[in-house]
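Single-structure report; data block below.
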């Protein structure tokens, strides 16, 4: 602050940015979520032109704009950790009390890793390349958190 | 009965209790009327998570009554007709407590014609949430001084040093002259009604996330000491919405509006709420 | 060939942790008044400013159409105003186009962001993640940075010591910058002991909450003499967008930045990083300075650690301002880089002035872990 | 053009518009955007690899996705390309067109794809617009973009009977146009014999502004492809040239009684400036069609006077004589306009898209019957902001040295 700035009339007022929202997953996203919810299967989409299996799914290939609507393939519910971080700052938007692990997990059969929660192991023991498997949620949130978390498993 | 969009209107009505989502209805009770023209009049009684539907001649005891023709009713149920548009066209009206009726309509699962099942791959996933992030809004020295004035029941304005325009609430600058406002003056607190926005439409207040009560009147008051379009924006006592007269100036012809005075809040903190609203200064 | 474009003047307030005593309008007005004082610019419809480009953000301002609140304080009443809703460096790229096209002779550019206003800037950046697959996991720009930090540090052999050195240097450089956020000087030990936020990122590895406002006047070649005798020419601009999902990017090497830089170099007449005398890179976190240096082609891919060990940042004049790491708000990190390059190229960088400068590069990023990059080449 | 000359000419070579609708549960945001992008690319007969730069805009608090162009890269085609995100409230679609024009004319990019969209079903539109107001004062008072100030003004000047009839006449003509446009969100099939009932009985929103007068809340996207003259001539059968554009904003504080404001209305100011610098003396005579951003029937009627620089009741007469109908002297919104479909971030771009289609002569059932050579398109947003754009079927030597 400049030293000559007169702040005698300055103060702050608390408020919010609070508005209701309704998000639609669309046909492709919905199929992924309902399959996850009802069958505990994780689906990907395959772009033949880019020779890539993408998870999460998308209707259009981001890279070549090819239509991927009907190019579903199932990927495994097991995979390996390719990267991770430990979230240690508490905040209201976080799904868990800190600390918790956010890992990038490459599922069997997928070419692109997804980010998810890794639990069942102390954060300091998490390592790249470890094998993990999905633990499915008991109640649906209609999001990727129908996988509750991933946990370590035998390779 | 008749079919619309290939669906028997009776089936839509009679499946209402079975489509009622008990789990979502906790704490909601009341009677709601459906006046469906040639498809009859129906009363839906909701209590403690249960719903009962019965034909009824008299719907006077209902919290809200929706009146529409059977075709529109079925169309809305099937998602073929938009309810808001039906209202715009007068094909659907809601008498009584619109808000309560709105909450009831959300308690039914979507109607599916016989033989159609909700297949997993046709289900379209929806995520409803209110996003709320706390904010600390700065007043800065200009708005701060104005808001502090309200604490002392004073309405302050700033005057442009070039064109003399008054602004209240004040701005740091006069947009027209592109110079800082420098001079403070006290205006009002009484004034003349210039403009009334009679608001029927209830919408959420983003500062709280709550839905506003309607009707309310947002008003432009020409405070004493101000001229032309230097109006002050606030609320009108909702009980006086139909009693005020707007003023105007057209081609120099002045027509005066109702005289208004502010009603000050008892506990004033230096915010817009320090004035509850304006009311007629009889 | 389109006409050339120059920045003629710049103004800013100091970067601060919490400008609780000013509305953003007041912050912008100080910059606006300074630009008018410096240049005598007018808003005459024939010869004055008719177009203002602003940079701000609806979520950080908690305000739909955030530019609506500032029309008066940026002089745009009854004139044009267009809001760049990306890092402000893109605003400079767009302002260049508006002048080169012939549509405008002058463009006033003003930006602001008050990170301190919201309860948590991480809640704001969490909203940049879509609602079904990423937002529910609590991802935000800090945790995305944690993931990128590990990926890059592994690839380039970066250690905690390297990060500490970047932070210590940033604080040292910023101490010579009177408009930099006031931060305590720190030691390597203090950096290494600061709390972990998103492993391997520590508190001091990530840029602090900052409020700021800035403004510039841009002008076509023909009329530069009306406003300054020290124009800084904008000679190249390029940007590029990477994949959205973090898993689909190479977090350890930014191809988008490489593309953005190549486009900017090409436009500037086919130069490359060796032809640039000073670099300002948008390092929201300590690991990003070498990562972005690789992206623009200053450092071979994967050589970040060796480059730091060899004193690369000082040798190549990288982030003499202290960088974003010392504290600039999101949305303005890249614009702050261009501002430093502007002062350096004019020889007005006080105690941090570099010698013999002809050409500088300013870099800006938008999105988590640098999804979108913009590169601007500036010359005196 | 400004005071100088345009560095090079810019043509619209591809047009894409989704169907507009109150609900698009079947697609997410990037998927909906992609529908328009795909159409525009196909219309231009090019692949995404020919696009150099993507310009994107909407209002992010309507859907609450921060910096949504980052996510939307899944549908926009911006991957690996230069891209900008530029927004100006309701005028966003117009601003994106101005931006694309500047970006191509500058020589920085040869082919630019501009995308405006909104998925209003995903948020609360009125709440979202209310949130544009100052948090310490007006946010408590405003209710979205709903205002009957234009009604008050017209009623004061021309009396309630004439004003209300003019607004409803305008409304019915727009609905008749909307019925011709397969992309319309709302097309009721209103008849002239419903006029009295609608004037009396449509649910009131604010004062004399009734639900029937007001624009819809729509989902939809619009994409336009712009190319340099050289590329455009090779690409499109018939490029539509963007001649000039002007943007006029005004201060945040919006006083409700504007009829004695010392400044012109922004729309009028924009029109005066734009027409003067392009040598157009009589806009009503010069232009063949006008796609106006008309958020309500009241505003539509009121603004005709400003955009065509009319005096007295000339604008009312245009409406009363139905000269604004598709086969009239000055067809207004043959598309049905904003009352028929309003995906806000796309709306202003749809005006340009529709004006361009009229010049190409391939608007379909809502093609204006006469030859269209000169088209005008407007945008509205913020607190009475204007973007006004001129489109031409021929270059005619304008704008060059």
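As written, the chains take the letters A, B, C and D, and residue 1 is the first residue of each chain.
Convention: contacts are C-beta pairs under 8 Å (C-beta built on N, C-alpha and C of every residue); 3 or more make two chains touch, one makes a residue touch a chain.
Since we're looking at a predicted model, the values are computed, not measured.
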Inset, instruction - For the chain pair with the highest number of C-beta contact pairs, give its two chain identifiers. - result: C-D
Inset, instruction - Could you tell me which chain lies farthest from subunit B when each chain's centre is the average position of its Cα atoms? - result: C
Legend entry - Innermost chain, taking as reference the mean of every protein Cα atom displayed: D
Legend entry - Centre distance in Å when subunit A and subunit B are each reduced to the mean of their C-alpha atoms: 37
Inset, instruction - Quick one: report the Å distance separating subunit C from subunit D, using the average Cα coordinate of each chain. - result: 33
Inset, instruction - Using mean C-alpha positions as chain centres, tell me how far subunit B is from subunit D in Å, no decimals. - result: 27
Legend entry - Junction residues of subunit C, two or more chains touched: 19-22, 59, 62, 71-72, 77, 118-120, 123-124, 127, 131-132, 243-244
Inset, instruction - Could you list the positions in subunit A whose residues touch two or more of the other chains? - result: 7, 10, 12-13, 15, 17, 19-27, 29, 33, 62-63, 142-143
Legend entry - Sequence positions of subunit B contacting 2 or more other chains: 124-127, 129, 131, 133-143, 171, 175-176, 204, 206-207, 271
Inset, instruction - Counting only chain pairs that touch, give me the topology of the graph as line, ring, star, complete or other. - result: complete
Legend entry - Residues of subunit A touching subunit B in the complex: 6-27, 29-31, 33-35, 38, 142-143
Legend entry - Touch list for subunit D against partner subunit C, complex: 1-7, 28-29, 54, 57, 59-62, 64-67, 69-71, 73-74, 78-89, 95, 98-99, 101-108, 128-129, 131-132, 134-135, 245-252, 263, 266, 269, 273, 381-383, 385
Legend entry - Contacting residues of subunit B [partner subunit A, same complex]: 120-121, 123-142, 144-145, 148, 204, 206-209, 270-271
Inset, instruction - Note which residues of subunit C are touching subunit A in the complex, please. - result: 14, 16, 19-22, 59, 62, 118-120, 122-123, 126, 131-134, 136-140, 142-143, 146-147, 149-151, 154, 195-201, 243-248, 251
Inset, instruction - Over in the complex, which subunit B residues touch subunit D? Could you list them? - result: 79, 82, 84-85, 87-90, 93, 124, 126, 131, 135, 137, 139, 143, 147, 163, 167, 169, 171, 175-176, 194-201, 203-207, 212, 218, 220, 228-231, 233-235, 246, 248-250, 271-273
